[in-house]
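My questions will all concern the structure given below.
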Amino acid sequence: MAKTIVVIGGGVAGMTAASRLADLGEKVILLEREDQTGGHLRQWDRLFPNRRPGYEVLDFLMENLEHKVDVRCNQGISSVSQQPSGFSLELEAGESLPCDALLLATGFDLFDAHKKEEYGYGIYDNVITSADLEMMFRSGQKITTRQGDAPSRVGFVHCVGSRDEKVGNLYCSKVCCVTGVKQAIEIKEQFPGAEVFGFYTDLRMYDRHFEEMYYEAQQKWDINFLRGRVSECAENQDHTIVLKIEDTLTSRPLKMTVDLMVLLVGFVPSPETLRLAAMLGIVVGEDRFLEPVDEHTRSNFTIQPGVFLAGASKGPFSISNAIADAGEAALQIHEYLRTL
Amino acid sequence: MISFNLFVLPFSLGLIYLLYMIIRWWSIWIRGLPAEDQKKFRTGIFSRNFFSALKEVFLESLIHRKMFRRNALLGYMHMSFAFGWFLLILCGNIESRIYSTTHVNPPYYPIFLKFFIHDRTVLWFEINTVPGFFRFLMDFLLLFVLSGLVLAMVKRGRPKWFGMKRTTHHQLTDKVALICLWLIFPVRLIAESFTDGYYGAGGGFLTQHLGNLMVLIFHESSRHIAYALWWAYSLLLGIFFVTLPFSRFWHIPSEVLLIFFRQFGITAKKSTTSFTEVEIGACSRCGVCIDVCQLGYAAHIHDIQAVYFLRSVRDEQVNRDILLRCLVCGRCQEACPVGINADSIRLIERNMFSGSHASDFTYLPADPPQKAPVLYFAGCMTHLTPAIIRAMKGILKQAGVDYLFLDEKGTVCCGRPIMLSGKYEQAEKLVHFNRELILQSGAHTLVTSCPICFRVFREEYKLPIRVMHHSQFLLELIKAGKIPLQAFHRKVAYHDPCDLGRGGQEYDAPRELLAKVAELVEVPQDGEDSLCCGGSLGIYTISSRKRDLITHDALRNLTASQPEVLATACPLCKKTFSKHAEIEVLDIAEMVYDAMPE
Amino acid sequence: MKEFGYKVHKERLIDYDKNDKRVLEHLKKHEPSVLTCIACGSCTATCSAGQFVDFNIRLVQTLLRRGEIEPLKKEVQKCMLCGKCILICPRGVNMRNLILAIQTAIDKLK
Amino acid sequence: MIIEGKKKIWQEYQKEIADDHYFYVRSCVRQNFFPGSEKAFLRIMQEELGKDVYENAAHTTCSGIGYHSDVVPFDTAMTVIARQFALMTESGYEHFVTSCITSFGLYSEVLETWKHFPDVLTRIRGFLKEATGREFEIPRNVAHASDVIFRFRKEITARGKFRLVHHQTGQPLRVVEHIGCHYSKMFPSKGVGGAEYPYVLVGMVEEWGGEVIDYPERRHCCGFGFRQYVVRANRGYSLANSKKKFESMKPYKPDFILTNCPGCPMFFDRWQYTLSEMEGVTYGENGEGIPVLTYEELAGLILGYDPWDLGFQVHQVPVEPLLDKIGIPYDPSRKFLGKEGQDLGKPASPTVLKFF
């Protein structure tokens, strides 16, 4: 009898794993809470490091699903439980779904920038997040301030909600650095005359082509990087933002007025991930992301046989890393199903 | 005829020593008062305050009124010891006067009366009124004290019955004195019983019956046992008296003097005076402060509570950790049955400990401010909570207040944070600087959003103008009809900031204000009993993890009634709670601002 | 000693081998949060005193780590202990005790 | 220290050094600082090795001091150098040897410039022609005099009377070598062994039996630095740099310092005296200084020349302890006698530094 695998979460990792499993001849059901698959990728206009359109990758992933995978959108899960053989999912629609293995590809949430009150998100007109900015790019409209003006100076604040004990997140979100550099370049593409600044503590250009993009940002686009973390900001009468940092390389406090301040928000575990993890008895790390059995050698396994992990439910992931990870997860599940 | 026996010596010598110590220290303390306080003391003795002090001594030192208020069982336990023993001494004296053939009785005579006079049945007073009155009375009082002793033993095992969770961890001298105290009355009971039983007379309902039983068992040797027990009784009393000045029981004479001092209007100063020393002596180490201390039950720090801090001061063993690891939230002094201002004493000690570091504030800017009738001083923390500033600006604009935002571009600190480290002199520089700035503005009202600033403005700045926290000022504006408000139905729990509530004695204005814009829900521990948010500036040596524990615990209390919003009136509390709260945390100014029609 | 009309210039480099690390050792014991500083500077950016004067509380931690005691002594005097930096620090460094503990440790050097 | 690593670098920086027929140009300052050195070079080359070394009385400064002190423009310097080459060409020589390191650096710099910018060469030829009527050829080989001694180090060993070993213990002497900055720091390929681990002096020391010591501040400047010394107010800076080196080398107990530049030995030698007077410190053993030698002086000692003929009496740091270690005989009573035996007068003793 054919085995059934349910993939929870239709983002990058879930879509990749589902199509890989289908290619391997498994019967796959992909559950997505929203009304369509794609996850956060739907929000992204262009991807780092080469600034290719996000929809290219999305289309690729969507096409791979077609005719192979039973994709079910608008499917919230009310509960999941372990059965003598396999698992049983109770869907919010009332349906009960038995399966032999589960893949948690539930992804992440973006950090809620309201929590950094000193940055004034939701208080000042021209403080936005990197996700807001990406949506603006995606809309195809020119970027403007809330007042409708073209920005002449834009500041990118790194590490918002990441590496910050004050919001309880000690970890690094990995991709905000490179996102900040990418978006800074995109601002300059639209407004060659604008001044663009990045306020950083460390710039972590960890992957291939990242450092080169950073180099390009400086060399070609004249983007300024100031080493210092923004401590607070205030709003001027003209709705511009005055921010404060220490210019740590001259050891002096510095204030600067920007027309637009972009907060590079990081990853946080989604409540849905944690809820499912609790129901399944999966170990949650101190950073509240899901813990695999062994982060080097068995990074897709959980302590519960038959429950697998892929992508950003395990911590911050880039799209390319999520795709690779999900492919590996599919192979591991395929092998596991053979042993049943 | 006055009787004497060698065994009275330990008691007598102990008593002489104790009286010497009390007189010695009382006179040292009284003479050690600053001149103005000495004057208050001299005039106080000959005023009506003297009698109100006596009354207070009776109510607090003997009856333990405050203990009763806290917990009836605890109060009774303390009363039975103090008041019971007092009555034993008083009635014993009266009784011994009646039997005495001389004009002056030695002090040991009433204590060991039964040893010297075995048969007291011939007393004319009793024949004519109630036979065996004194025999009954003395046994009854002894039983009264013994009931307290039983409770004290029960308290060791079941502190919860007495409204306590933890008890004080005592020192050796405390333990010796305590063992003596516990043994004194049972030993007296059996010493008297053996004597009464042997002589077949003189005892009351308790001692006589118990004595008769003993003689049945021990026969003739009862006399020797009785004698040995009288020795033991005297020795226990003697040891107790000698150890008393070095143990927690020194609080008894100290508290008496403290009550007189207070009744005469003597108060604590910013540096150590006799008053502070008497306060330190008056700590009975009852441990009430231990249970209320959030550092203890929430953050598992158990060695710095007021009782241990005061003991370390008395023993001259203050160290940096015990001094600096305290929230200075004021909860312990609010709970203290003796009313000791442990926080003030801690600051005085921090001052002495803070060393001789010159602070360099020569950089203070000197631009005079613009003139304005109202000053708004947000406070440095408020600059990290821009929503409060936005709200205040919006409300003040709406209400048409002509004001100057004094620290819009930042300013120097109000001085309280450094004062909390005990660096008074350095704080004084900041106070002086800000005070000049405030006075130069010509304002009649100073409004601040920060309770820390609010407290120091009121306590230290000695400003001739109104100093208000924004909760008070906004309430005034609303009452004057200057702020239109929309109906608003959100369940709100209010958190009292330490420096506004216990520190500033303002509990009502924020509640009244909130009631106008939201629905207040009940918080189990609030008002005087409200908890510190964990962000306190009073504490120096604490990890952020321990702070988190305190915050979590305080949040449990505040969210007990499932509010939708947690309201507070302090930027520091707001930031501290925001890190952990699962519901929205708002300052009351924001609540008012949100309730204003667009 | 002869007068030549000029003196040997003092070395400007941080001589890490010779510098006094005792204050740092004291701090490691009494305020270990100092170890976690990542020199982001947000404390200095928010510092009330630093807006007016050459006071840099981030630099205090750097000087401490290098064992630069003389400039450290001067620097710690300028702190008003207001605690605003503690509310900002992403690494939970307990700056107020840091200042007090440095002063205590410097006292002990004498 | 991984010696194989050094050797690998030395192999990469091999340099061609002509073997005879040299046109020799002198240093501006060396005859004042260490008056026996250039004379010793000529004696070794001509008398010991039988080489053809020619000097032209018409040669001048290379203008390097002025150039590095920003008072001589580059065009001027190049024209002066073109004239030196013209003298060489007129005398029929092709191998150019300089006594001075700064000259050597400047000649290298000028030749490299001409190589990459032939129009500059044309212009300079024009200037020279216009000013003096002279013409010149580019030398076939430019070497520093230390390169030449390095080339013949084995021949010197063969004729040598002494070795760099303690004559009592048989232990090799410990030598600090210091290369002038302009020797190879500007053009590493122009120096024997390159810039990081120059081999020119090391080769001599090793060949003659000594042991080179490498110490942390080996690469640091001697402290001369032209501007730093020339302006009196800046001399403290010059002094501080030398001090830094002395303090770094002192724990290694060097027997002497060997140099190949006019300025370096000057400052190593004189500043030891100044520091002893200013701060009471000495860097050798028993209150002595560390003797400072030029490579010509050293070669002369190896060949058994009389120390007083080599000019050691004008060293501020006495060399006698070193002579004693090697076992070189000398007559103390002749130290301050002139060439004709006349008494030159003994200088006043320093306050701290041990003097002989």
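Just a few scattered comments:
Residue numbering begins at 1 within each chain, and the chains themselves are lettered A, B, C and D in the order written.
Just so it is clear, contacts are C-beta pairs under 8 Å (C-beta built on N, C-alpha and C of every residue); 3 or more make two chains touch, one makes a residue touch a chain.
Keep in mind that what you see is a predicted model, and the values were worked out from it rather than measured.
Common neighbours of chain A and chain D, by the contact definition above: C.
Summarising the inter-chain layout, the chain whose CA centre lies farthest from the centre of chain C is D. Set side by side, C-D and B-C show the greater C-beta contact count at B-C. The most central chain, judged by C-alpha centres against the centre of all protein C-alpha atoms, is C.
Taking the mean of the C-alpha atoms as each chain's centre, chain B and chain D sit 85 Å apart. Computed centre separation for the pair chain C/chain D is 46 angstrom, with centres defined by C-alpha atoms. Averaged C-alpha coordinates give centres for chain A and chain C that are 38 Å from one another.
For chain B, the set of residues touching two or more other chains reads 383-384, 544, 575. Among the residues of chain C, those in touch with two or more other chains are 46, 51, 87-88, 92.
Of all possible chain pairings, those that touch are A-B, A-C, B-C, C-D. Touching chain A in their complex are the following residues of chain B: 383-387, 389-390, 544, 575, 578-580. Contact residues on chain A toward chain B in their complex (touch as defined above): 115, 117-118, 120, 123-124, 165-168, 232-235. Residues 118, 159, 163-166, 201-202, 227-232, 244-248, 251-254 of chain A touch chain C in their complex.
Within the complex, the chain B residues that touch chain C are 320, 324, 354-355, 357-361, 363-365, 380-381, 383-384, 410-413, 417-418, 420-421, 423, 430, 535, 537, 540-545, 572, 575. Against chain B, in their complex, chain C makes its touches with residues 30-31, 33, 46, 48-49, 51-53, 55, 74, 76-84, 87-88, 92, 94, 96-97, 100, 103-104, 107.
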